[in-house]
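Chain lettering (A, B, C, D and E) follows the sequence in which the chains are written, and residue indices restart at 1 in each chain.
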Amino acid sequence: MNESLLDVDGLSLGFSGEAGFAHILDGVTLRMKPGEIRGLVGESGCGKTTLASAILGVLPRHALKIRGGTIRFDGTDMLSRTATADQARVRGRKVTFIPQDPFTSFNPVFTIGQQVDELMKWKSPERENAGVPRHPLFTRYPRARRRRDRERILSTLASVQLPQPEQILKKYPHEVSGGQRQRLMIAMALLPEPDLIIADEPTTALDVTIQAQILGLLRKLATERGAAVLLTTHDLGSAYEICDSVTVMYAGQDVEAAPVDAFFNAPAHPYTGKLLASRPEGAGGMTGIPGEVPSFYDPPPGCRFAPRCPRATADCKRRPDPSHPGEGHMVRCYHPIDAGSAAEAAEIVGAER
Amino acid sequence: MSAPILHTEGLECRFPIKGSFGRRLGEIRALDGVSFALHHGEILGLVGESGCGKSTLGKTIMGIQSPDAGRIVFDGHDIAGQSPKEARALRRRLQYAYQDPGASLDPRWRIGRSLEEPLVIHTDLPASERRRKVREILVSVGLPAGHIDLYPHELSGGQQRRVGLARILMLNPEVVILDEPTAGLDVSVQATVLSLFRDLRAQFDLTYIFISHDLSVVRLMCHRVAVMYLGRIVEIGPVEDIMSRPTHPYTQSLLAAIPRIGGRRVTETFWLEGEPPDASRLPQGCRFQGRCPHVQPICREIDPPDREVGAQLSACHFAGEIEVPPAAEDAT
Amino acid sequence: QSRYVHANNSAYDTLDPHTVFDVARVATRLNFYDGLYRWVDNPPELIPWLATEHTVSEDGLTWTFTLRDDVAFHDGTMMTAEDVVYSMERMLALASGAGALFQPMLEPGATQAVDEHTVSFTLKEPSAIFASLVPDILVVNSALLKENEVDDDWGQAYLTDNVAGSGSYILQRYDPAIGFIGERNADHFAGWGERYYDEIEFRTVLETNTRIQGLMRGDYQGLDGYLAPDQVKRLRSDEDVQILEEESMRVYHIAMHNGRPPLDDLNFRMAMNHAFDYEGYINAIMQGTVVRNPTIVPGNLWGVPDVAGYEFDLEKAQEYLDAYKAEHGDDIRTLNIGTLAGFAETEQAAALMQNGLAQLGIDVEIASAPWPVISSNMRNPETMPDMVPYWKSTYYADPNNWIGEQYGSRYAPTRNVSDYHNAEVDKRLEEALLTTDQEERDRLYKEAGQIVYDDAAGIWIYNTKWYGPYADSVEGIRFSPVGNGQDMRWAYPAEE
Amino acid sequence: MRRVELVLSRLVWFVPTLLGLIIVVFLISNVVPTDPARIVAGENATQAQIDALREQMGLNEPLIVQFGIYLRDLVTGDMGRSLYTQREISSDLLHRLPATLELTFAAMILAIGLGVPLGVISAIRRNSLTDQILRLLSISGLAVASFWLAMELQMYFSTRLGWTPLNGRISGFGPENITGFVVIDSILQGDWASLKSALSHLILPAITLSLPAAATLVRFTRAGVLEVVNSNFVLYETAMGFPRSLIVWKYVLRNALISTVTQIGLVFGTLFAGAVVVEAVFDWPGLGTYAVQSILQSDTKAILGFSILVGVVFIVINLLVDIVHTFIDPRVLK
Amino acid sequence: MSLFGRLMRDRAAAIGTLIIGVLVLVAIFAPWLAPYPEDVAAFHLTDRLQPPSAEHWFGTDRMGSDVFSRILFGARITITIAVIAVGVSVAIGVPIGLVAGYYGRFTGGVLMRTSDVFLAVPQIVLAIAIAQTLGPSVENVILALSLTYWPFWARLVYAETRALKGQTFVEAAQALGASDLRVMVLHILPNTLSAIIVRTSIGMGATILTAAALGFLGLGAPPPAPEWGRTISEAREFLPEAWWYAAAPGLAIFLVVMGFNLLGDGLRDVLDPKLRKGR
């Protein structure tokens, strides 16, 4: 247990609003080892961002209801409302964030340099106490540290392949292209030398060629610097590209977690199977999954995929416990696909065209 | 093959960039000499990066945008520059399905009323007849008739797409331009939507222009594919040929950038650097020169004409001569 | 250093003594300038001022004034007859303010400096009222003005913001948006009493209530008079404030359009005259602060016919109305009354009239307009409303100021707004203008007044009383209807 | 360079807008039923004198000619003479402009100092009691008739309690006129008594005037902050562990101010307009009292001049706002 | 839930609606509600300036009339002015904004420049210029307000139309061959409606304030009319003693404007399509 960096255990939460209680996450468990790159995949609206936000502590507080479970990062309880000082020390320093949308995640009225400086002022690896002082508006940025931080910034910008880093720092966010902005985001996520980077669909807003560049960069740098990455995405291809292991979510539940090869070649959960098959290159490229995603206001009990699952039985009314079909492979299903059966495997992965 | 039902010649469409005083600061060449032909019954894929002019091409053909130069010949008639109203009879046979079908429906109108609108405008069918047709169409796109009384925001993304299609099909078109019909959809939904297109095509005898930025979808759906880069079709040809033997370096890198599950990781080997230039500041010569790994002096001088390589047309001086970089090779 | 601060109800937007002629801004004329004679006290009396005496030629045309030789302007220059000539020519040329009064009597050039200290005016025709206008010949420093003339403007631009006079006070500061400060002219020819104010400040405070509150707080030592009765009552209850009370010569009446049916009929006008609740108005609204004035001429002047005044008597009014209807039919159109926007008393009078006429079955519409609009409408018989309640104030203390200007054909339609023309009246008024025999004039005005009264040409309501509100510390205020108590040279602070 | 160009393009609109304004106001003021010549001539003038004056004043010319003449004079800064006071309208207006500006600027400062922080607080405590109270107050601030509030405040604080002066801008005539702003003039001349007097005279009118403006700013700042608070960059900054107060008062506020600043031009307009009645109540010797006097005297030309001047000030302020805008929002220069 | 139901759930909007409902009722039934309906014109000189009492809830005025009754009748004038002036402004401004926004370039430019001219001066200043020129009367106040307020609606509809014109559903309707008029009236106008309604509610409040200010300056309804603004200016002379005389109409204005503002705010919340989609 000691080796795990991030430990999400049985997390259940939801939002109460006018229409009632939306039970978004239902007993989600996620464990990350240092240096691991893990993909968190699932269809739109299945709760990936919610999970990432919960770890980062940016869920809207007034509507949020936590039903159970814990999030621990390196010993710090990230859900506790009393340990805010510790959380502040962790966020932005040990855990950093790459947002989905590089277009709107920069503050439009400050130059990039100002924003990077601000980050380093508080979160530089050299700053002893990464916490928040009493009067942040009036806190100075020590000159000597600023100079050293500046060098660090320039070298990091160069390592994310940004040409002329000095010039870029003087620009406003709207003056640089989307790919450059996303590279800047990666640089900013790397600068505090974090243990974990949470990247929430970092390439959906970009074109394929740029996406390939960015994903490659992210993987290379994370591995070089020994940072773990939690990559949420609904694009299975992206997950395949850079992840060591993958966790699949369906409607707020984690259904399967496996090393990347096992995941794509020997999926165990029926949902994972269907998902892989729905890809244009997949066997069922034109069939999809019949039925609709359940409502969060009134989710089916037990396994939430049961209503659409051809293998479902009465058992599925209870949430299945994890089982382990292989090394580091976890699945929550009473009727997992048999990875050994060639027929079943072909149904999923499909023949090359 | 029969004579094309639709073809364009040297289509150009430019958007001025307005400064203060209404002064022109420059222009975006959204379409820069686009020529292609569309044959009856085929599905022509149109791929390319965001902003390369795919939607503009669709809208120009449709008459929503008027071209600055070039011809659009539909069924033997030049319709370039005519607004939808002017070429009514012809336009009925040519329809455009919006990239975001939810947004193409008036948020304050019920689905039924939106679906009736084309009939109100173009026919003088009595109300009861119109309503009957609406119900018919709803069924053929796979929506329950009860959805007539819903508002657009009460439908899911996939359902909105169906409604968008239903609206277009109301007038029995022959050619339908589908603009990114699966963008933003999850793979599972995308699959069902794609099969719907296939079914409808068979049922109504349609010809599609299928705009997408997703090559794997295009490969699945289309007979021929045109690759656009910065306002120009840089390569066009049968889908299998292009997928297996891309001749334009841009097409090559595009294909190489797509992750292929089970294959080698492209992120480790992907060679293309830099980003596309601004459509308002096209360089002299080949528009891909800034990113092309094979760039030669001639590329900086002369904008390459289309070269024929097999069944493909390719706008590269060295089409058919250059090698696909090794990393891309084993991916194909 | 004793100071007197006065809050005035209208702005001092110009200091030029010759272009404005209203009572509201009289303070600049009285304190910075001197006239040939000066009105003092109540009833007003003329005292020699720059001139010591005058003679009138046999034919009544040439008036010769002897000037003092010890008058110095504020800049030290001595005043001469030339200054008087310049001043009169200036007034005639500018043709506004008091100049308009002189224009019908004097040609340019008719003023002559006989010698250094004698000046003569040659009138176009004999005039009985010239004498009462003499105080308005305010003498300016011609040498100074000529230096400051721009494009032959008679120094108008200069005098707007500067003073070129010899008056009792010397201009210290002036701001048209605020007012002015004057410092005592110790060398004034008329000399000074034992006590006086060293400095006077006149400020513009447009809002009545603010003036009153300011006086009660001690911000001001005096206000312009003519306060509404409610204000008088409030000030009376304040310990540190005194109210001086004087019968004034400001007649409040309702001008009627005599030329337009149905008001062109005597019976109808009589009905009107009996339909106004004089007593209610004077006692309830004005709370007895004014006195009934049965004709247009103020009761405290001479030349007033001895009449009782019409009374509020709806029965009688009905009789007259019946008589009118017998002759002209039952149909009576809606009458319209114009009121002066911002002058509550005119609104109240109109409302009262409306109320009375309603009981006779006559409809009345009230339309309010600012004074300049109303006054320019009144001066055109086409646009003159059927009735307009307003005041006729004192420009000069002669019956002609009231009855002559209001009902004489010579003044139609500018000042005689009633479209009233009666040959008998005109004959007497004209005669009275020419003769200088006081008794004869008294008789003529009385007779003319009687005819106008019998004709019920207007509705005459009251003669204003002047209530001068001053701080207790102020003494020696000398009120005259022309000067409105703002001739500050007489006043002085009470001893501690 | 872009900034200069932006400003120039605004300036290009300045002239036609102004011209349009002049035409509109000129037309309006010429429907007037009064005869200016009569007023100039005075109450005692005869018909002949009036007719002569009409001719002399050019009132017998066709309207278009009169307009041409007016325009020609206006270009040289000549707005004609007030019918009533006979003074040059332009110099009268300029003479009073500083008083009004001083009042509106004081009110503006109060409004910004009050409105912006309260708006931020209201937004970040969204739906709390504080927020409810502040929202109610800001709606009230917009609902109260300023002339009435002025009267009531004057009655209470000046008449009843005697804490503040009743009216006017300063007791006596104040310090030597240098800039026309008494507060500045008294500081320049080290005349502390005058400064004290000026400030005490300023308090009530400025408060009254600023209230609706402050209320507007509270609302706009609140809306602006709310919009920004939910934006992606705030989410990012929060996720990266930036101190909360820094996010709110530096990053959010700066963005929220963009919409607030564009409001300031409009708010200034309402302040200027409000000054007309508030000045009337406090006898403030500015443009407002001038306008009210001109109304009472039907001094059409003066009102014409007043409207034009207010228009110019208003347009200039909006121009300044646009320039400020380019500094706080780099995106407009794109 | 119905629009009204949702509106009523917002406490502020409910209060606003209540105030305006009461105002309308008062305006209609003033002759029956007022304890002394004849006091609008009649007076009792002996009862002048009586403080509030059981007979006269808000005391009496300078003519001895019942202030409460006059306030009730004043509501009629206020409502009339606000409704007609705003109605005319909307009737002028909305079509102008629609046409200008839809046709853009030249037509739009000219129309919007014209409205800019009116917006270049604070509304009350222009209203003063107009009202003073035409003379004080209710009709002239209405005219002045209508002439000066229409640009607000024109601007609003213009901006909305510009935004809507770029929207896909409008383009889609045009692509289907719908005529300009059809697009404008059936597609664009209904989608600007909620903005217009919100603006109108708040505009009513602003109009009432401006009308009251004109009344206060003596440019409103002439004397016997119980108009609130002019009642306040009448009352000034009698402050501070007769405090009720100014307080009553001042509070009446405050309440009514507050009512419209609250309602406008509530409507904004309820009608805002952004909030509606995010149910």
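FYI, a residue touches a chain if its C-beta (ideal position, glycine included) is under 8 Å from a C-beta of that chain, and two chains touch if they have at least 3 such contacts.
No experiment lies behind these values; they were computed from the predicted model shown.
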Length of the shortest touching-chain route, chain A through to chain E: 2
Number of steps on the shortest touching-chain route linking chain A and chain C: 2
Longest centre-to-centre distance from chain B, chain (CA-based): C
Selected pair, greater C-beta contact count between C-D and A-D: C-D
Mean-CA-position distance for chain D and chain B (Å): 55
Cα-centroid distance, chain A relative to chain B, in whole angstrom: 32
Centre-to-centre distance between chain E and chain B (centres being mean Cα positions), rounded to whole Å: 51
Inter-chain centre distance, chain C versus chain E - centres from mean C-alpha coordinates, in Å: 44
Chain B, residues touching no fewer than two other chains: none
Per-residue multi-chain contacts in chain C, two or more chains: 207, 341-342, 370, 373
Multi-partner residues of chain A (at least 2 other chains): none
Chain D contact footprint on chain E (complex, rising order): 12, 113-114, 116-118, 120-126, 128-130, 132-135, 205, 209, 212-213, 216-219, 229, 232, 236, 239-240, 243, 246-247, 249-250, 253-255, 257-258, 261-262, 265
Chain A-facing residues of chain D, complex: 127, 231-233, 235-246, 249-251, 254-255, 258, 328-331, 334
Of all residues in chain E, those that touch chain B in their complex: 167-169, 171-179, 182, 187, 190-191, 273, 276-277
Residue numbers on chain C that touch chain D, as the complex places them: 11, 13-14, 16, 19, 21, 95-98, 100-101, 103-104, 156, 160, 173, 175-178, 181, 201, 203-207, 210, 213-214, 217, 219, 341-342, 370-373, 375-377, 379, 383, 395, 413-415
Parts of chain B lying in touch with chain E, wherever the complex brings them together: 62-64, 84-85, 88, 91, 96, 98-100, 103-108, 117-118, 121-122, 153
